[in-house]
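Naming follows writing order (A, B, C and D), and every chain is counted from residue 1.
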Amino acid sequence: MVKLSEWRGKEIFRRHGVPLPRGAVARSAEDAEALVRDGRVPLPCVVKAQVLAGGRGKGGAVRFATSVEEARAAAAAILGLEFKGEKVKEVLLEEKLAIGRELYLSLTLDRSLRLPILIASAQGGVEIETVEDAQIDRQPVHPFPGLTGYEKRRAAKVLGLTGGAARALDRLLEAVWTVFEQEDAELVEINPLATVGDGLVALDAKVIIEDDASFRHPEYAEIRDDRTPLEEIAREKEIAFVQLDGNIGVIANGAGLTMATLDVLKEFGGAPGVFLDLGGTDDPKKVTEAFLLMAEARPAAVFLNIFGGVTRCDTVATGLVAAMRQVPAERRFPLVARIRGNNEAEGIAILRAAGVTSVPSLKESAQAVVAAAGGRP
Amino acid sequence: MTVLVDRDTRVVVQGITGHQGTVHTRQMKLFGTQVVAGVTPGKSGSEVEGVPVFDSVRDAVERARANAACIFVPAPFAKDALIEAVDAGIRLATVVTEHIPFHDMLVMYHYAKAKGTRIIGPNCPGIASPGKSKVGIIPNVVFRPGRVGVISRSGTLTYEIVNGITEHGLGESTCIGLGGDPVVGTSFVDALPLFEADPETDLLVLVGEIGGTAEEDGAEYIRHHFSKPVVAYIAGRSAPPGKRMGHAGAIITRGRGTAESKVAALESAGAKVARFPYEIPDLVAGALTEKGRR
Amino acid sequence: MTVLVDRDTRVVVQGITGHQGTVHTRQMKLFGTQVVAGVTPGKSGSEVEGVPVFDSVRDAVERARANAACIFVPAPFAKDALIEAVDAGIRLATVVTEHIPFHDMLVMYHYAKAKGTRIIGPNCPGIASPGKSKVGIIPNVVFRPGRVGVISRSGTLTYEIVNGITEHGLGESTCIGLGGDPVVGTSFVDALPLFEADPETDLLVLVGEIGGTAEEDGAEYIRHHFSKPVVAYIAGRSAPPGKRMGHAGAIITRGRGTAESKVAALESAGAKVARFPYEIPDLVAGALTEKGRR
Amino acid sequence: MVKLSEWRGKEIFRRHGVPLPRGAVARSAEDAEALVRDGRVPLPCVVKAQVLAGGRGKGGAVRFATSVEEARAAAAAILGLEFKGEKVKEVLLEEKLAIGRELYLSLTLDRSLRLPILIASAQGGVEIETVEDAQIDRQPVHPFPGLTGYEKRRAAKVLGLTGGAARALDRLLEAVWTVFEQEDAELVEINPLATVGDGLVALDAKVIIEDDASFRHPEYAEIRDDRTPLEEIAREKEIAFVQLDGNIGVIANGAGLTMATLDVLKEFGGAPGVFLDLGGTDDPKKVTEAFLLMAEARPAAVFLNIFGGVTRCDTVATGLVAAMRQVPAERRFPLVARIRGNNEAEGIAILRAAGVTSVPSLKESAQAVVAAAGGRP
């Protein structure tokens, strides 16, 4: 999941013909001043923090400017902010348009229908979660014919657009559909979509690109997500790694087993601090890397819960033992292991030779690791 | 045939010369599956684990009478591989490959559906019917022939749970690992009627996880159309909202899609819901005794 | 229902406010068809020939319980109109519109097929079952209820031939004008089983023309699966090779597709082939007498 | 059906990335000379008549040149030709490549399957009709997923391409598929497709665009087809009009009825000279125009055979009577009319008032018109 910042989303919009306010990005107050001074951003303008979290307006991360000086000051103020834990490094400056109504439009996936779904509401400019359901229209779109005329007409009706504005919506919807399909988006959201005279303008852009399609989109590889530094390293090593608030590290394989492990730990008073999903590897080196990464996170105790399938128990045991030799003494932590499934006997033997006992019961092993981490925190 | 596979299932392994393809061809054969062909373009004439390799699925169908596919090819080529299988007349395809873009899977799903091909997966363990056939990667060791059906969105958690049922002295009729991706070929709602109609299944274990509404949809089906006892488990009750738990199927969305909404839907549909995986075997045994089936 | 339509067929006319749409709404009503709704975006609330107009097919289905569509919208918008009908749950759609690009029709056909909607046409007269219902534009005057089924790729030639049958004192069970475009929703092969199964049809008249191989495909079906007598006619025996005779369905291609190959295929499948349209009624009457049905 | 000349087809190919020889079009010997002299066409080169008929090589419409002078001479010679009834107005000059094998590739529609079909043969460079069936591979392509990898691999195998050439084929097939779909083609044919080293080059291009898609392709509106001047006028008036070799004019409505009418005329010894399909009009003006166009073709007699459906009999009668008044005396011809179907009585009455009798029997009316035209010619 690659969440694009507003300006990156708008770059994509521009390429596909979604109408936008004139604007540009600045990374310093000087840049911002220059953009307004040389007319690339007309006045009056709006200056917006480029952060992924919502609620920028209320949070002081959006300001208005009617002069070069005000634009510079607004940029300077916003570039100093830390907004919901995220340091603001970029601002987007855009002309302030005389807008009419604020609408909502998005395309995303409906998993149950297995179809893209076009969501429209005349109640734009607020978080869509706060709009009552009857005010939100949902239309599935089949990828074979793509977006059709009747779907566009229905959207226009829902949004209260006629004449030139309805024709503008037609073109905009085609462009948004193209963005969704060609950019492998999970979400394309325009909120607000504003009426400006007889036309439409996307005032905001929220685009989320699917990770799994990255082989088609090398251009998104460099865009950072909202990951912690350790999560970023894990991503590079292709290890699923998530940091939580507790002190127990969990290494498991498969999302379902990982979640079940967390559920059991919590039941016995444990607080998971990191979880690390080995997935379906059968390379001992990857297990070693994962284990060393876990050591970096300084857990109070680690629970290794593996059910061998594609990942064989002996592979995990081998990788684990290799990693244990590399962890410096000051970073050592208590380890509770439970390995079951394919090549279980071989794995248990390898662990035993390294002094680790595998506890076959999930319940007992979970209780053991909670105790090792110091009980209920 | 009971549920989708039986002793007449003749499997073609697409991507057989890759590491995973080779390993699991061997495992499927050990399970008793008739693996009759492999496909790797350009490798026709060779053999893998005693299985002849062809250049195309069409050749595998025409010359080795394959009627089911197990797909291991890398994600960028998985869509092509599935469409090739559909066009060659394959009507059951297990897609093991993970990380297939959902936009590709939308095309795969709707194309296969139009042509009458059932997809299991992607990113899934596949299907196994002990004593009959396996098309996929579920470890052989966890099974024993029996009368408990299992459907699950998870991978290893499924193995864990099936293993628990087997260790408890019970056995399985058919187990399907549906995969946890945003778009799956076979969902709970699609799989439930197969087990309802299966004379070899007495009870169904449904293993879900947070994210999506497949469990809620399944519960709705169970309420109206499913007559056998159901034991369910939902993984991820302790997951913090909004954090990704390893794959896109595990994003917590607001309202429906939470562990609470899934558990409530299943309970109100009459399922017994386990709080932890290790509670499942006792619930299964209890429900079977209650039904007089054990 | 005998063949596709009956007294319960409830038609929505898409493009009802256009000239053709209005004229044929009136004609369909005079035939006895239940025309329950029209669709023209932006014109909801109005009426045409006493039929309420809606903005969308979905509205026509929900509020007027339409279950069949007759499409008159101009070619550039026909694909959208058909997909709208399919998505609204319409399962029979006659597309009268001519000059639809075949690339559009490929999408229409395969989408409709996947969703279970039958298309008749495009560029076609539609379907009529005298005494029951008509969805299309065949002139009312040519019909009389009877037991002769008619399927044809032509337009006016169909009217001519049906008129001849009626003037001879016979009558029709159902007549389908399939349309002569390169891609049609319903071909001879698709229509034949409907007449085979229809207890109200004693004999079938098949009207073909040069170009394509639909007649040869139909003959193959007749040979193996059609038990009723067939009288056939192929237009264009005198057409010079390579000249276009008005539409793309009438290009002579080499080998199959000629009048000779069509006549030979039909005769060898047991059909009596008329050399000219005016020979058809006698052949029909003769075949019925032979069968003891007249 | 818009048949594009080779160079127009290649323009489209170039736009979509199909590899081509370097070349350019000339409309005079001077242009040809200049193209070679300034290096836009490298030497040695081939000079090809831009005509729609096949068999140019054998017909002297393709020549080779190794110098500027030869190129000029070749162009001059070819531009003077009349090739199979078509005057040569343009020549295409292209570099002569060192080609390896000559292959065949095309995409067209399979009506029975209702699918595009990819046709490939290793026997290229000759008319595909002369290649034996076992040497021709046909693969249907579904428009939803589009051309897939396995189809491309099969085509490569059939064409005997491996390695770099197979990869070149992949790209070329994608481009050809895009041409077929996006340009609304009925046929895209490359014959020969030549191997040149490790690559592929389209030496010829045959592209036929579907008429019915012209609303999406205004760019093809100006390209003339292989129509006669009267056929061209008819096209502008949207009347289906075809000139044949005989002396009887036929006006009917609908392709099937028109063909049946010709069949009957021929049976009774008539020779149709023009046929004119009114189609589904119910505008009397269009009938008048059609009738006047028929008069231009100077038929010995005219047979009007109408079965009223969408076209009503009274509409036809009204239009016909109006036209008869406008035809000058020296162009008058015997007319036999047969009008049946919708509003038959009204139509017959209108004709009778103008002195024309409608003969209800197709057989008798056909015999009458053959007699009026002077019997068997």
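Following the convention adopted for this analysis, contacts are C-beta pairs under 8 Å (C-beta built on N, C-alpha and C of every residue); 3 or more make two chains touch, one makes a residue touch a chain.
Quantities reported herein were computed from a predicted structural model and do not represent experimental measurements.
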{"item": "Taking each chain's C-alpha mean as its centre, the one farthest from chain C", "value": "A"}
{"item": "Higher-contact pair (C-beta pairs counted), C-D versus A-C", "value": "C-D"}
{"item": "Inter-centroid spacing, chain B versus chain A (mean Cα positions, whole Å)", "value": "28"}
{"item": "Rounded Å distance between chain A and chain D, as computed from the means of their C-alpha atoms", "value": "55"}
{"item": "Approximate Å spacing (C-alpha centroids) for the pair chain A, chain C", "value": "54"}
{"item": "Residues within chain B bordering two or more other chains", "value": "107, 110, 114"}
{"item": "Chain A: positions in contact with at least two other chains", "value": "142, 144"}
{"item": "Chain B residues touching chain C - in the complex, by the definition given at the top", "value": "110, 113-114"}
{"item": "Interface residues, chain C side, partner chain D - complex", "value": "20, 75-76, 98-104, 106-107, 109-110, 125, 137-139, 141-142, 152-160, 163, 180, 182-183, 187, 207, 209-210, 212-214, 217, 233, 235-240, 243-250, 254, 275-278"}
{"item": "In the complex with chain D, residue positions of chain B that touch it", "value": "41, 55-57, 77, 79-81, 83-84, 87, 107, 110-111, 114"}
{"item": "For the chain D and chain C complex, residues of the former touching the latter", "value": "1, 109, 111-112, 114-116, 129, 142-144, 181, 184, 186, 210-213, 215-216, 240, 242, 244-245, 252-260, 262-267, 272, 275, 277, 279-280, 306-311, 340-342, 344, 361-363"}
{"item": "Residues of chain A defined as touching chain C within the complex", "value": "142, 144-145, 148-150, 153-154, 157"}
